[in-house]
Structure formats: C-alpha cells, structure tokens
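Pasting the structures in now, so scroll down.
In what follows, chain A forms one complex with chain B and a second complex with chain C.
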Partner chain A sequence: MTQATYNGVLNLAAGAFLLAAVLIVWRHELRATVRLLAWQGLALAAIPLTEGVYHHDAALITVGAVVLLLRSVALPLLLTRAVGTEDHERRESTPLVNTTTSLIITAGLTVLAYAVTRPIIALDPSPATRAVPAAFAVILIAVFVMVSRRRALSQAVGFMMLDNGIAATAFLITAGVPLIVELGASLDVLFAVLVLGLLTGHMRRTFGDTDLAQLNELRG
Partner chain B sequence: MSALAAVATALQILGVLAGAPLVVGGMRQVRARLEGRAGGGIGQPWRDLRKQLRKQQITPRGTTVVFALAPAVVAGSTLLIAAIVPLIALGSPLDSAADLFGVVGLLFLGTVALTLAGLDTGTAFGGMGSSREITIAALVEPTILLAVFALSVPGRSANLAAIVSASALNPGQLVSPGSVLAFVALAIVIIAETGRLPVDNPSTHLEVTMIHEAMILEYAGPQLALVEWASGMRLTVLLALVANLFIPWGVAGAHPSLLAVLVGFVAITAKVSVLGGVLAAGEVFIAKLRLFRVPELLAGSFLLALLAVTASYFFATPTN
Partner chain C sequence: MSILLLVPILAPLLAAALAAALGWRRLSASVTVLAALLVLTSGAVLGLRVQSGARLGVGNLLRADALSVTMLIIIGTVGTMATWASIGYIDAELTGGHTDRRGANLYGVLVPIFLAAMALAVLANNVGVMWVAIEATTVATAFLVGHHRSRAALEATWKYVVICSVGIGLAFLGTVLLYFASLHAGASSGNALNIDVLLAHASRLDPAVTRLGAGLLLLGYGTKAGLVPFHTWLADAHSQSPAPVSALMSGVLLSVAFAALLRIKSVVDLALGTGFLRTGLLIVGLLTLATAASLLVVQTDFKRMLAYSSMENMGFVAVAAAAGTNLAIAALLLHVLAHGIAKTLVFLSAGQLQAAHDSTEISDVTGVLARSPLIGIAFAVGLAVLLGLPPFAMFASELSISRALSGAHLQWALGAALLLVVVAFAALARNGARMLLGPPEASSPVIAVPGSVAAALVTGVILSVAVGLTLGPLGQLFHTAATQLGGSQ
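Then we have the complex of A and B:
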C-alpha cells in the first residue's frame, strides 16, 4: 500500500466516521440511527485495518477484524432487537433540542474539537494524528446526543458512539492498543449493551414506554 | 485567450439558451414516464415558450419598473453566469473577471430581483412567496459560500477554471472527505436554490405550498416566458457547474482545438442529461418537506459544508 493510498483511505474512514455521527444527530428514527451506528462501526474498523496493512502488523489487523465483527454486526443487531415495535417507540418524537439547533451545535462542537486537538497534532504531525480531530469531534457529539435524547435506546446509541470515538482516538494516536486491552474494552461494551437491552425491555414491560423523562418519580 | 476559447464561450451561452427548455422538458418527461403518464414530450417547454411569447404584454395596475425589469435581470444574470463558468472550455474571456464567489453573487442578484418583483405587485401571494423565497435564500447563501470555500482549498484559488483544472489533474482528491461532503452540501443547496423537490414543488399552484410560483403569479405573456426560461437556464447552468466541478473530464483546456470544443460540448450535454435524469427520477420518490422543516435540511447542509471545510483544510495541510 503506497503512502498516498494510505492517506486517502485513512482520511476517508475518518470522514465517514464523523459523517455517521452527524447523521445520527440528524435522524430521529431509532432503526435508522442503529443502522448508521453499524456504518460508523465499519468506518471505525477501517482505521486499524488500514494501519495494519500499511505497517504490516498482524495484531492490528486482528483487532480491526474483531472491531468490525463486534461494532458493525453484533452490537447493532442487539440494539435493533431492543427497538420497540409500537409506532411511538420507533421515533425520538419530542427531542429536548430541535433538529436545526442540534445540527448547529454539532457544527460548533466539531470546530471546538479541531481547536482543542491542535496541541496533540503538533506533538507528532502524521496522517493518522491529523485525523484525530474527527474522532474527538465524535466523542463530543456523542456526549451531546446522550444529554439531548429522551428514549433509553437513543441514549444507548449515544453511549456506543462515545465508545467508538474513544476507540478511534486510541487507534489514531497510538497506532493501536494491545490486543488484550482492546478485547477487554470490547467485551465491556458488549455486556453494557446487553444490560441496556435488558433494561430497555424491562422498562417497556413495566411502564409501557422508554421515555426517560417520565422516570423522575417513584412507582410502586 | 484564443479565438476558439471565445467561440466556446459563445457556444456555452447559446447552448444554455437553447438547451434549458429541453432540460426542463426532459426532466418532466422522465418524471411523467416513471409516474405512468405519457408526458408532453421533451419539446413541450419550447412550445409553451413560443405560445407565451406571442401573447400580448400585460402589466398589472400599480406595478413599477421593479416588476417590469425583474425578468430581464434574472435572465441577464443567468446568462452572465453561463458566460463565466467553464462548461465547455476553461479559458472564458470573462474568467479572470469573476470567481466562484462572483457567480454566487450573480445567482442571488437574480433571486433578489424576483423577490422584489413579487413584493412590487402588492398581492398577498406575491408577498408570501417573496418572504418564503428570501428565507430560504438567507439559509442557502452561507452554505454555498462555505462549500465554495471547501472546494477552493485544494486548487488554492476560488477561480472556477483553476478549481476544475486542479481536480482534473489530481482526480484522487475528488474522493477525499472534503470533496464528497462539499458535493452533498452543494447538491442540497442547488435543489433549494432552483426550487425543486423536496424544498419547493415546481409543478404546484396550490396556495399554501408554492414558493417560486407564488412570486411570479402576476406575470403573463412574454414576461412569464422570460421568467420561466430564466429559471430553466439557472437549473441548467447549476447542474452543468456541479457536473464540471466534480466530474471534470471532457472539459477543453484554455487554448482548445476545434475538436476539443466539440468534445467538451458533447461531454457537458451528456453530463447535464444524466444529472437531470437522476434528479428527476429521485424526485418521484420524495414528497415536499413542510416549510418549517426546510431550515432543518438547510442547517444539515450547512453543517456538511462546514465539515467539508474542516476536512479539506485540516486533513490536507501539514500543521508544522
């Protein structure tokens, strides 16, 4: 793989990664956001795979394959099963912040991410570190999604995005974490999503809804 | 500048003049066929124009020179854009006089002329249409400027010929994130600017939904013909511009040969036909957005343009 292809693929993956986050902010249908999350997982997996192929690092390729399987296949599948079948359950109907404002806020967060990561890029300017702002922007956007959505599942999507962003930052800054650390983190996320799925199902059976704003009073 | 470059520019203007009604007719025909209707044929807009141009000139009572001049301003500014942008060949005589920002300015000159004409009639629909149009235009303008900025980063110039030749020399950057995002943002903005679905329905005359049609409701006869011709030309020029910015092959150089000019003409005709067909086919599957959700779409496109700028600026330039 030549230097130019490596640059191009890495930038394309980082761009797609950020774009998926933006589209998750834009869309309100839960199934669509879960599908976008799968695409984001694909873009995330492309980062270690590209670096592994470029640096001839078999461990990194293995990590990339694990990430691909887990984040773009297994986790979205689990989340899709947790989406309710009723009409009012499928959509984030009354967001706390309207879409136009959230998109403008997202734009602000992206610029902020580029501003605060400049010192990190200055430490070691390489194609990989230059894509760090995109990963960092995804972290900020994920936090915003988590605080501005009402449905339990959207918040789970925000949580997954946060984890994707952190993983992408790690891959881009350190050219990959050790296999055992990545496996541990992935297993953690898998269990978190399993528990979240169970909790969502339980909430729906008990309250008939997953709107977290209604959970501010005790029920017998 | 060679004589053939001037010929190419003249051919651009004539091509846009003659081709615009055909583009509109072709798009209507694609739409009609996909909806299971026979359609009026590709030449129908030309027949409509001929009919309108033969009619008597009527000026509504109480309108001023603003109303009378607006169609000419729209058509004139669009023709000027057609002369500036590199559609067939790069070396237009006007190329050094205006860059992409100038083109955007000319585009809005036409929009503003029409909105003023809508207000000038003093009717309820004219004012309503103008207010809607200017709301959309105010949201579209920053997006266009940002997308243009993103496109001018790789070529290190906002000059259109420089951008097109830079991307033709280095096709790899066309699939870079910045370029792809700028394309999506620009596509949404152009759909809004030319009043196509899902922002505005070009074939509606229903009071509550029309935007562009509401402004020009008072025009009749030759003036209506001019306005409709001009809006067709805007669509054609913008489609051709997007085609050449992102698919720069086939455009003749600054000192073209006769063969290169002909190849450029055929290439741009093919690109516009394909792009128009795709746009029309896409419109079959979508409904018009509610007016209050249009800002959402345009804010999204603004964000994409902003991401395009950040991507092409931060990924491309070394920071040391």
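Then we have the complex of A and C:
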C-alpha cells in the first residue's frame, strides 16, 4: 500500500465514521439507526485494518477483524433484537430537540472537536492523528444523542456510538491500546450492551413502553 | 508473590463458579463469605511485605503496594460482613416471597464476581486493566441493583448502567490519551500503561495531552466515586439495591473508584505539578459536598439519606486528596475504612427496617432502639461514626484532614467544607434521632433479625469501636501508602 492510498483510505474511513454519526442524529427510525451503527462499525474496523496492512502488523489486522465482527455484526444484532415489534415502539418518540436544531448542534460539536484535539495533533502530526478530530466529534455527538433522545434503545445506540468514538481515537493516535486492555474493554462493552438490551426488554414488560419519560419515580 | 496477588481475585471467582453450579445454597453462600475473608487475609499478609516498596507480579500486570493492601483490607472487611449478612437476607426474602429461586441464584453468582472485580481494580498495575476491572463492577452490579424487579428498581438500574458507562467511557478516553503521551515519552508499547513505567516517564509526558487526559480521568472515575457532575445515579442505585449490596457499593465500590483516582493523581502530579488536579478535586469535592448536604436536608427516605451521606463523605475525601500531603492521604484512607464499616452497619440495619415496615420513609419508622436493641444499637453506632463523634475513627480522620488542609494553605476550602459537613451533620442527626428514639407505637411491626445479619452487625459494631480506639499496624500502613503515593510532608 502506498503512502497516498493509506492516507486516502484512512481519511475516507474517518469521514464515513463521522457521517454515520450525523445520519444517526438525522434519522428517528430505530432500525435505521441501528443499521447506521453497523456501518459506523465497519468504518471503525477499516482504521486498524488499513494501518495493519500499511505497517505490516498482523496483530493489528486481527484486532481489526475482531472489531469488525463485534461492532458491525454482533452488537447491532443484539440491539436489533431489542427493538420492539409494536409500531409506536419502532420510532423515537417526539424528540426533545428538533432535527434542524440537532444538526446545527452537531456541526457546532464538530468544530469544538477540532479545537479540543489541537494538543494531540501538535504532539504527533501524522496522517492518522490528523483524523482524530472526527473521532472526537463522534464522541461529543454521541453524548448529545444520549441526552436528547427519549427511547431506551436510542440511549443504547448513543452509548455504542460513544464507545466507537473512543475506540477510533485509540486506533488513530496509538494504533490501539495493548492487547489485554483491548480484549478486556471489548468484553466489557459487549456485556454492557447485553445488559442494556435485557433491561430494555424488562422495561417493555414492566412499563409496556420504552419511553424514558416513564422513569420518573425516583427523585430528590 | 504472584500466587499471593492472585488469591484475592481467584478466590471470589471460584466462589462464583460454585454458586453457579449449586445455585443459592447455604454451602455456596458460606464459601462466598470464606472468599471475602481470604481477600482480607491476603491483604493482611501482603501488608507485611510492602513496607519497603511496591511488589509486582504476574508479568507486571498486578501490583501490591500499601494503597492496594489498604483497599484489599477494606474490600475484605466490608465484603465479609456483607456476604455473611446476605445469607440471612436472601433466605428471608425467599421465605417472604420477595424474590424467587432465579433471583437468589443470580445474586449468589454476581456478588462474588463483584468482589473479584474490585480486588482486580485495586491490584492492577496497568491502568488499562484497572479501567477494565472498574467497568466490570458496573456490569456485575447492574442486575444486583435491579434485584427487586420493581419499577423503581428498574429505573435505578437503567440510570446506573447508562450514567456509569458513559462516565467510565470518558475515563477510557483519558486512559488512551495517557497511553499516547506515555508512548511519546519513550515508553514501549507493551508496558506504557503500567503504573511503574508511567511514574518513571512522568516528567517527560506532554503537558497539554496529559491535562486533557487527566481531566477526563477525573470526570470518569469521579462518576463511579459519586462525584459531581455525574453523581445522579448514586442515590437511586444505593437506595434500590438489596441491603448487603448497598453496603458493598456505598462502603467499598466508591472508595475503590477513588483509589483509582489516587493512582492517576500520583502520575499526573509528577507530570503537571500538584496544581492541576488540586484545582479539579477541590471543585468537584466542594460541589459534591454542597449537593449532598442540600439534598440531605430535604430527605424523607432513610436509604436515600444514607446514599447522600456517602456522597458527602466522598466529597470530603476529594477535598482531602486535593491537599495531597502525607497527613491528608493517610487520614483519607482511615476515613474510607471507617466509612466502609459504618455504612455496612447502617445499610444492613436499614434493610431490616425496610423489610419490617415495607417502607423506606423516615416518618414511618420510630422507636427503633426500644423495639430492637440490636438493630437500634447497630444503626446508632453506624450513625455516630458517620457523624464523626469521638471516640470513633472518623473523628480522628476529620480532625487530621482539617489540619492537613490548613497546613496546605487551603483554609478557605476547609471553611467551606466544614460548613457543609455541619449542615449534613444536623440533617443526619435529626433524622437519626427521629428514627431511633421515642416510645414504640403499639401498631409498630416486629423487626426481625436473621442470625447471620445479627452476626455481621455485631462484628461491625466491634470493629467500629476497635478502629476508633486503636489502629495498630494500620496507622503505619496508611502512612506508607501516603509516602508511596508521593504525598509531600
């Protein structure tokens, strides 16, 4: 792989990664957002795979394959199963912030991500590090999705997006964390999403709905 | 060395495996108590070996130093009491129909896994592994918080998992940035996250990246330690959990997360000087104290009252850590030990009160001392410790922390903290007196105390008094921990 192809593929992956996040903000159909999340997982996996091929690093390619399986297949499948079958369950309820405002906020967060990541790029101005603002933007957008959505599943999607953003940052700036940490972290995320999926099911059985506005008993 | 380091992690895991195989039985529950005792014992044995410095083992992944030994002793002590009380607590729930066989089995498996994750968190030499262990405590406790399957329990579980996962996610981002800075400071990729390597390279860490990482780590681990701004899960989770789990979460999980912050602080202080995290800890510590004190004043639910008291104490501990001197850190460790034992006492007695009254309203409970001397005395002793009354240990620790704060020229912070502690004191004392004193009403239900809960409570009362009277070798251990964490004189 030449330097130019490497740069191109890396930038394409980072761009697609950020685009998926913006589309998740735009769409309110739960199945559609989970599908977008799978695409985002694919873009994420492309980062370690590209770096692995470019640097001839077999371990990194293996990690990329695991990431692909976990974040683009396994976790989205888990979430799809948690989407309700009833009509009103399949869409985000009236969002707290309307779509236009959401997209403007998303743009603002992306600019903020560029400002926050300046010290990181200053320390190591390599092509991979230059893409790190996209990963940070996804992290900020994910937090925004989590606070502005009302369906339990949307929060789970936001959480996974947050995690994708953190994983992308790790791959871009350090070519991934040490293997034992990577394995442990992936396992934790898998379990956390599993727990969220199960809780969504419990919630549907107990409340007959997964609108988080129902969670209003505990205060003070 | 390696074997000794693995015992506190493997013993609870084996107990979990046994519980998974047998289900909720007297045998598996007793083995869990034994595993918690083993955590305590291995902490004590390791304590004899770490005076001269940190010992590493298992390919440098694990580390025993005075801080991890202190934390193991706290986990072991509270763990033993809580798992012992669990036997009677869960049996009573099964007889009363408050939980079913499946719920009890799950409880039996998850509690020891929770203990193992906490032991790994304090023994980890790699800050990445430490992160994995602390996130694992969230996953392990999720269904423990939701044990009662009610609407409120489900709501508490959801908030707990979502808020803690986001918070701890930020800590992971901070860890990644620390790794990045460590690699650029010349560490090799395999061990760049090891605490000994980070300490050795600390002076060459890039300040701007380290600042960003340290800020995220403070927010992230602060979430699990119940500090502002991501503290909103705490009162819900602690009040909805079964009593022994509340004791574990409030008594040790918070301080385990705070111990992670102390580890990070020892590295960051070397890289950036003490100013950066001192400012951060003062801000979150004082805001946490203020939030907890104001919510304590208006509290009408006794389990939530105890939860906010934990927040108040963690806020105070954060302010103590900001002072950062040897005296402050040693006192802080005494504070979390005494707090752990006292919170176990009050949460376990609160569990029996809740079971008797089928309510957690303060106004529903009165005359406890006259109705059940054991529960009354245990609750009263626990509260007395939490209020910082002499001769109990938190009197000494609060005094030392105050001295340390004025020694570090933080009189203004000391003034603000003490004011808020007094507000919290008044609220706790007033509500405690209302529940404990007074003549029992004729209609008051009988407070049942299962044998194992009684045993745990008696142990807790004896320990509270003992730690108040003399620390023995623990005093030396706390000072060693402070020195090893790089506290200044």
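As a convention for this text, the second predicted complex is superposed on the first by the 217 of 220 C-alpha atoms of A that agree within 3 Å, B and C clash if a C-alpha of one lies under 4 Å from a C-alpha of the other, contacts with A are read in each partner's own complex, and residues count from 1 in each chain.
Convention: a residue touches a chain if its C-beta (ideal position, glycine included) is under 8 Å from a C-beta of that chain, and two chains touch if they have at least 3 such contacts.
None of the values given here were measured: they were computed from a predicted structure.
Once the two complexes are overlaid on the shared chain, A:195 sits against chain C while remaining clear of chain B. Annotation for chain A, partner touching more residues between chain B and chain C: C.
Of the two partner chains placed around the shared chain by superposition, chain B and chain C are both touched by A:122. In the superposition on chain A, contact of A:114 is made with chain B only, not with chain C. In the superposed model, A:178 lies in contact with chain C only, and not with chain B. Of the two partner chains, chain B is the only one touched by A:15; chain C is not.
Put simply, chain A uses residues 122 to touch chain B in one complex and chain C in the other. On the chain B side of its complex with chain A, the touching residues are 172, 175-178, 180-181, 295-296, 299-300, 302-304, 306-307, 310-311, 314-315, 318-320. Listed in rising order, the residues of chain A touching chain B in the complex are 4, 8, 11-12, 14-16, 18-19, 22, 26, 98-100, 103-104, 106-107, 110-111, 114, 118, 121-122, 125, 130-131, 133-134.
Of all residues in chain C, only 61, 126, 128-129, 131-132, 135-136, 138-139, 142-143, 146, 149, 151-152, 154-159, 161-162, 165-166, 169, 172-173, 175-177, 179-181, 183-184, 189-193, 206, 208-209, 211-212, 235-236, 239-240, 295, 298-301, 304 touch chain A in the complex they form. Residues of chain A that touch chain C in their complex: 116, 119-120, 122-124, 139, 143, 146, 152, 155, 159, 162-163, 166, 169-170, 173-174, 177-178, 180-181, 184-185, 187-188, 191-192, 195-196, 199, 202-203, 206-207, 212, 214-218, 220.
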